[in-house]
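Two complexes, one shared chain (subunit A), two partners (subunit B, subunit C).
This part shows the complex of A and B:
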């Protein structure tokens, strides 16, 4: 039987971004329904590491969003910190060569001028921060603002705290539009949900949802593996990664790229990333990718050669061609807002994204200029049904 | 009943392993978990936080509950690792990496 529900806003996607949009919209006084064809955190959120990073962001709109999000995460942590395994552990970026160190220090100087705390660490002081790092590194930069959450727990607890109505296992098959083109809600496989606003928080499937609303958004999946070790006592204190990670993230290559990102977790296992490749939604395990991750991590932390990896998992980062998310109203479909395309930074950027979306929904000025995040900034793809 | 009887298994000659220093008889092809169960040992790990006893849960290599230290390597899954002559099997405390 079809059930007709009315609310102020339907959020499509019960991942981290959808949960944050629901929380801030609900706290702004809106009645929110969250709908997802899978479970909570069943997509990209459940397949990441829970990075809340400012260290890998170059000055610009994404860094501004990361700094806003960082402040909001600290507020959320006051309320839910233990439950979501929030750890303000800080990041340590290391350079293997003097050339890489020069580039890293220049990058950090630019970040410092834009509100990031970034302290250079000479080679002989690296072990004060990370006693098990290998010999012979050129130096690094310490970023105390970097933090971590357990992403699936964070999505679940933010959803619960929002008090939003949650409908899982229910697929949005279309976005309802009136004769004037304005959004009226969504059609699902089990009835319509009526609302004057719909938020697209569908992550790497955000392009598909946009198409169901009759607009184009070129979100592509960029696959990444995480390698999980057996549980260990605390041995790696920070989020530690090599300076070339930043250039890998910014790369447009479809081919496999890996750069070591290593961190301990509250539960004990060490998580090893990060690989990036554009292979569509293919989940099959890639031995070359996983092998490269292990080799990179051991190069940085030699003791890991004696530690066993127990499993690996893959996820799909929602990637937009200019590496910036789509956040804000879509002028092509009044009432439709997008909050997707955060690539590998979606957990960290979720709080800021949720707040900006809530501001737009309630007619208030957002804290940041949304122009760089405009969802209609890309040329239309062929076959687009403009109304 | 001896589980070998209904299956008609005719394993090769038994050998010895130790569990926390105590000699146990094992048969070729048995997993470490099977050897321990046959000796009425059902717990061989304590959990990381609350130090609660653990042994076989799924028994088919899925759940990581039956972790045990074999020949000084912690976190071996007892339900998957075949017992070999002379294996030194020890109860695993927490992560098994405490030293």
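This part shows the complex of A and C:
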């Protein structure tokens, strides 16, 4: 059963990034087809959390993208807010020691200079924001722009709102290129799809897809566990995490780092995440990782000690060596665009990414300078292992 | 504590394995969540309830006495009230993590060189309009009420669904003085005649139950189904109807049966949580094992209904083989399968009859058609069939996991153990075992507790003659056991 279809752009990947690319491309007037070998949100999008954060980003290109995305998420929420469980709940970053508080405040000052709203919270006011925090914290910073969505619902509803043609259960096995090297569409296990443009939104498998187009992109998986508790009445109001999280995100170490990131959800359970390890695509449960998550959460919220975890799950953040995503056209394969490698921020950064891709596709100037996100910024790899 | 073999589950499989292994000089710890051994089949009234000896087929009573007395005389360390939430692979063996007592708050750990998973199976109940009314219980639940607490679920009961377990449940209720208005079976047991060959070993017991039904004048409605359960506050009756060959309702056959209890069951599924947490390969819904009942994870055996639904006699045979194999392997010798040939023959015969029963008893073809949109499918999260259908039709969900993500069906307390098969069927796909790393909800405080004591080996703990084996080492490290690994960055 082979069929040949034609459209303006094929988006590979029906995760959060692919869904946002489809939405903005379709709204820019393009005919879009989204292909995924699994179901909607079957990749990392269905295995992570849905924090839309500006608080954890240092000034630079990622923060600029986060701020653009933040504005666009607020627009999307006007249209789909309830369906995607959008909650502009704000973040609270706490410091356990005076030293950590100093560092956090300096970090926040830099963010403020770049458009982030960040309000210092003295130790004795922390409980006004989060009544159940433990005693003895040094202080914190409140980030009202931080928000939250339910990622799988967000991907599914953005896709539906886009009106794009959705082909699930179909694997892209190759990217078709003409004699001039230009992209002509994709080959799937069920026929070819013809289009002058292809967007690689394949998440942690973005490197594999790039290879199928004949270019290299060193996307690697970074495992994370999330703990889910039994449903509770609302007790944790913000997304709360300890200041050492920020250094973890930028860490180049492969070692397990866990920082207590605790948040309530609209549905009741508290989510505790997330560990970071580079162990390839290994899904088996690591008790040391989930133990560290539990301990970290209790350190901030002692009442959690008696609350039960009903489940834990793992996902694989797609990351690139310099911790920035690849967004934009690939000069090595005209017509191929990349939108992958968002690591632990792909939900938050999805709307901005989708908008930038749509701008490029329609020949308009993107809102942000794409140079830091260039997909060909890495030295060519000699078939390095991507476990 | 430390032991050679930790057996999880004290049903027929776990009991047979524990006795076989300890008789061969292996230290065995037998863990079960229940206060008393016996599992589903030999469930006894709690010690405090002065019960008369329950009615049971004679052979069953004799086997139970033998197991019980054997256990009392053995050196098996019995660990009752131990709810196992996870089995962890460690470089020096396996650690069984449990929570104690009915509260399940205090932790306990057993370090073992080998583990046998004998966790049995759980019932499947498929939804239909009205199934969440008080008064509707599972067939197994009704059975457990009878066997364990000697209470009855109501005065007038209907037993409905499909599968060979409905017969003993109806007979048991009738014997306990409940008026059983009907046994409603959606399959056609006459088809069993076609499979009579492999079923020879099965029939006497079935015939006994059938005689019980006759004696108590229980109407048997084959190829019938419960269309709806009625009642406002609680159950007052059910509508039943006949099914045609395609599983559709035959028009004009509906009738109302007043009742205050409805026991429903649609078969059983193996418990695979612990096995999956360990990374054991599954074969369909069951833990995959070899001829010695070994899983593909070194040091881990499985027996009984965890490896496929097939009744108590099969569980006994598999448990016996697993116990002997583990005993030999733990001593560092290769077992001689000839030594358990009778058990292996019984296993082969009983597996054949189990697959014959499977072929006959299956939910009717079109059952999902009768699940109205407002019927709750996932009780924990109160997700109705309409929401599941909308996720499939409107949002691109094509598999149970995506339906779960988009509707929350299966995300609640029971983690989809109850609604999994129904959600999959409503989504139009085969049920996939969903990963549940915690077999029981575990307090964060227990998770967070440091576990330094589990590190090095305690050589003094090893009795003579059970030194570490070399051909089948337990829990050898694989990548997942290493807490960290350097990426190529």
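Just so it is clear, the second predicted complex is superposed on the first by the 382 of 387 C-alpha atoms of A that agree within 3 Å, B and C clash if a C-alpha of one lies under 4 Å from a C-alpha of the other, contacts with A are read in each partner's own complex, and residues count from 1 in each chain.
We take it that contacts are C-beta pairs under 8 Å (C-beta built on N, C-alpha and C of every residue); 3 or more make two chains touch, one makes a residue touch a chain.
Predicted, not measured: the structure shown is a model, and the values here were computed from it.
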Quick one: on subunit A, after the overlay, do subunit B and subunit C clash, or do they fit? Just give me the call. clash
More subunit A residues in contact - subunit B or subunit C: C
Contact-wise, after the overlay, does A:231 reach subunit B, subunit C, both or neither (first, second, both, neither)? both
Contact-wise, after the overlay, does A:153 reach subunit B, subunit C, both or neither (first, second, both, neither)? second
By the touch definition at the top of the document, which applies to A:308: first (subunit B), second (subunit C), both, or neither? both
State whether A:321 touches subunit B only (first), subunit C only (second), both chains, or neither. second
Kindly classify A:294 by the partners it touches after superposition: subunit B alone (first), subunit C alone (second), both, or neither? second
Under the contact definition given at the top, report the residues of subunit A touching subunit B in one complex and subunit C in the other. 230-231, 308, 310
In the complex, subunit A touches subunit C at residues 14, 38-42, 46, 152-153, 156-157, 159-160, 166, 168-169, 220, 222, 227-231, 252, 254-256, 267, 269, 272, 277-280, 282-291, 294-295, 297-298, 304-313, 321, 384-385
Provide the residue numbers of subunit C that touch subunit A in the complex, in ascending order. 86, 88, 105, 277, 279, 381, 391, 394-399, 401-402, 405-406, 408, 411-413, 415, 435-438, 441-445, 447-449, 451, 479-480, 482-489
Taking the complex as given, what residues does subunit B use to touch subunit A? 48, 64, 74-75, 94-95, 97-98
Touching residues (chain side subunit A, partner subunit B) in the complex: 230-233, 268, 308, 310
